[in-house]
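When the chains are written out, they are named A, B and C in that same order, and each has its own residue count from 1.
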Amino acid sequence: MNHASGQQTGNLPDINQRNADWYIDKIVQYLVFLSGISAIILIVGIFIFVTIEGFGFLLEDFSFREFFLSPWWEPTDDDEPTYGILALMAGTASVTGLAMLVAIPFSLGSAIYVAEFATGKTRETLKVLIELLAAIPSVVWGFIGLSIMNPLIIDLFDVPVGLNILNAGVILGLMAAPIMTSICEDALKAVPDRYREAAEALGGTRWQVIYKTVLPAAKNGLLGGVLLGVGRGFGETMAVLMATGHAINMPSSVFDSVRALTATIAAELGETAVGSPHYQALFTIGIFLFTITFIINLTADLIVRGIRKS
Amino acid sequence: MVSTAEDMASVQQHRDSAVKLEVRDVAIRYGSTTAISGINLDVRKNEIFGIIGPANAGKTSFLKALNRMNDFDNAMSVDGEILFEGTNISDVRNVYALRNRIGVVFPLPVGLPLTIYENVAFVPRLRGIRDKAELDVIVERCLTRSALWDEVKDRLDSLGSLLSGGQQQRLTIARALSQEPELLMLDEFSIAVDPVTTMRIEDVLKELKPEMSIILVTNLVQQARRLADRTAFFLDGECVEIGDTEALFTGQVEDSRTTDYIEGRFG
Amino acid sequence: MASTGIIENQFLETELNVSAKRTETLFKILFMFMAGLLILPVLIILTTLVVKGSSMISFEFLFGNPTNGMTEGGIFPALLGTVWLVGVALVISVPVGVAAAVYLSEYAPDNWFTRAINLAIINLAGVPSIVHALFGVGAFVIFFGFGTSILAASMTLAVMTLPVVIVATRESLQAVPHAFREACWNMGATRWQTIRRVVLPNSVSGILTGVILEVSRTTGETAPIMFTGAAFFIPVLPESVFDQTMALSLHLFVVSTQVPHVPEALPYGVALVLISMVLLMNSASIALRMHLRGKKKW
């Protein structure tokens, strides 16, 4: 079917002949599908591999009572090793809790300022700086806890040790704040402008509109942001390892040194023999961490998705 | 490839016959809603086949079914038979080749975010032409035929997606021509184009008629009268009437609704 | 009587308005203050690191070996090790991540299975880094038998940062209007031809933004490499992906917590180099993104 002008335009494809392009398309389709399901394979893989390595402990030495209710984490005790993570959980919880006390008001405040008040250049600059805050690696945060926060806390509060819940909590708060700010900002941005316009038409000031209309409408998204922040704090490792003082302790004040679940694994895994009960117990803590963060992330996602639907 | 000699013979017979496209009892559904049903028509070689009718008559869905674009739309299902040169299009082994041999022009023009040159060279390149001189010739010819060459010949390197609406529409037509289609389908192409350009494109279509079959879906009944050899009138998802354009426009109709529409009493 | 009432009312309303306005200004300032306090640490940290660490930065520091029990000398093995780790991680995660994003954006139907994939991506991004380390040990070091090596560590990093590549790529693919794809399909292009010739070329800079961001994240990670391939101190430079290596992030941890009698400026110097690399790449990613936003292609 050549053109009247007699130009040759390559091979007209035959509709009943599968050519190379047809097969390449099919192959690519399978390849990208395989990559597409990689996330599922990896999530399942993480669970399986971590469980396999901790399985021996779960079968033999594991006692639910001791593991969750005993404050004694003494895996290296020659006579009678104890594997209680209560104190470690208390450490993680106290640091994460304090971090949230710091991060929630600041993230919410910043998110409201960025989404509702700031304009133009200020807004862009703020967002970039918050993004840079999120980029600081956790080992650098840990170093800051050691070298800047530690002497500062000793001086300010006249305590002997500055590596404690306060130190790690503030640092973790600063680490969690950027992601919480950006998710909360998204949640506020998702509230349609007509809500604001309607409320403003009734004579409310900007703040009244935010307080009475925008915040309630963005409630779920904000909650989702906070939950993700909790998940972040819960799973943080290096900063917590370096700034908490890493001492097993049931804390009674913010000036107590504690030890976190994640930090315990980081500090001890290198010193255990592969396959030993101690090694397997550390993997069991890993299963616990994985499960908790999985639940937190799932809940956060469901909450955030819930608002998008309605 | 066609499997038996007998089939080969029947296909050969179709190649010789005057019919390019046969549509038998076609119905298109979106979920439980029927967009169009009971469509039977033939499009002959070297004719311009007009389709007129008010909005929502199912014209665009019909065109989508003809080159199996419904493959990309899970909600859309097509029943009935569509034969392209005697081959049922749902049986073709290479649907991309089928689409490649059918040119389509949308109501809303889409200039691809490539240079103007690459927009037109897109299909030739897919067909394996790499020679620059050869591509140059094709690009110039297609742009000239779509009445765009003079406006863009000095800036073939600028993005096709940034041209004006009317220019993008002519670029789309140039792209369709680069396919050297056996069947060219135009869906209300003049919406985004000014009247002068519309007339120029209409002239191009008349020139193209000896080389291909053209299906012209239009909301302008006078455009159908100017161009189409035969015209079908679609209304509310069915084909009311098909006839010689001149006959329809001079009142020789089987269904009075056709005349009512042509004379502007509704739609 | 009546007229006084009106005047009083107006007066009252004005009073109310004034107090409402005052509350608004108060809150605006409060929120501004909070945002300020949030970013203040970035500036303090950067300043401190520069002030205390810049004296360390020298040619010998960047390109020398650590000496005298890591209390003197340079950081070159760690620097080079980080480049190895990040490079190999990229080689693994970018193709897989981009392909996964192509699947999600161009092929995946809207059904429960696709939702499950998206959920898995979100959860993968939320798995604690130390759990990734455990996975790396269990899967790559032991099960696949790579041992503690650059390969095992980089694969762990790749798994960890995969969601960053997927999400960034998917976003830039989806920013390409659907009409372009339909136009290509109508001309007989296969899905892959459409992706390769139109969709990918028009989202490549967006993907690059995501990849730079991933490099920046990977550079700073410590926990995932601690037990999979990075070592405290190794006297020789790595020669293949099966060697162990030092890494800058781990080196900072080591010199600030594990080694006695380290001069005060040394860890500041290490931290300064590390954070400069990270922030430089992050800023590059942000700048590229802003540049793209200003560029109109359709």
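Assume contacts are C-beta pairs under 8 Å (C-beta built on N, C-alpha and C of every residue); 3 or more make two chains touch, one makes a residue touch a chain.
The structure displayed is predicted, hence computed values, not measured ones.
Overall, the chain located most centrally, as judged by its C-alpha mean against the mean of all protein C-alpha atoms, is C.
Comparing the CA-atom centres of all chains against that of chain B, the greatest distance is found for A. With centres set at the average Cα position, the gap from chain B to chain C is 49 Å. With centres set at the average Cα position, the gap from chain A to chain B is 53 Å.
Mean C-alpha positions place chain A and chain C at a centre distance of 13 Å. Listed for chain A are residues 13, 21-22, 25, each touching two or more other chains. For chain B, residues that reach two or more other chains under the stated contact definition are 96-98, 100-101, 126. In chain C, 188, 190, 193 are the positions where the chain touches two or more neighbouring chains simultaneously. For chain A in complex with chain C, the residues that touch the partner chain are 13, 21-22, 24-25, 28-29, 31-40, 42-43, 45-46, 49-50, 52-53, 105-107, 109-110, 112-114, 117-118, 124, 126, 128-133, 135-140, 142-144, 146-148, 174, 177-178, 181, 205-208, 228, 231-232, 234-238, 242, 262, 265-266, 269-270, 274, 282-283, 286, 289-290, 293-294, 296-298, 301. Residue ranges of chain B in contact with chain A, taken from their complex: 1-2, 84, 87, 92-98, 100-101, 124, 126-129, 134, 137-138, 141, 178, 180, 182, 210-211. In the complex of the two chains, the chain C residues touching chain B come out as 109, 176, 179-180, 182-190, 193, 197-198, 201-202, 296-298. Of all residues in chain A, only 1-5, 7-19, 21-22, 25 touch chain B in the complex they form.
Of all residues in chain C, only 20-21, 23-24, 27-28, 30-35, 37-39, 41-42, 44-45, 48, 95-97, 99-100, 102-104, 106-108, 116-117, 119-124, 126-135, 137-139, 142-143, 159, 162-163, 166, 188, 190-193, 195, 216-217, 219-223, 226-227, 249-250, 252-253, 256-257, 267-268, 271, 274-275, 278-279, 282-283, 286, 290 touch chain A in the complex they form.
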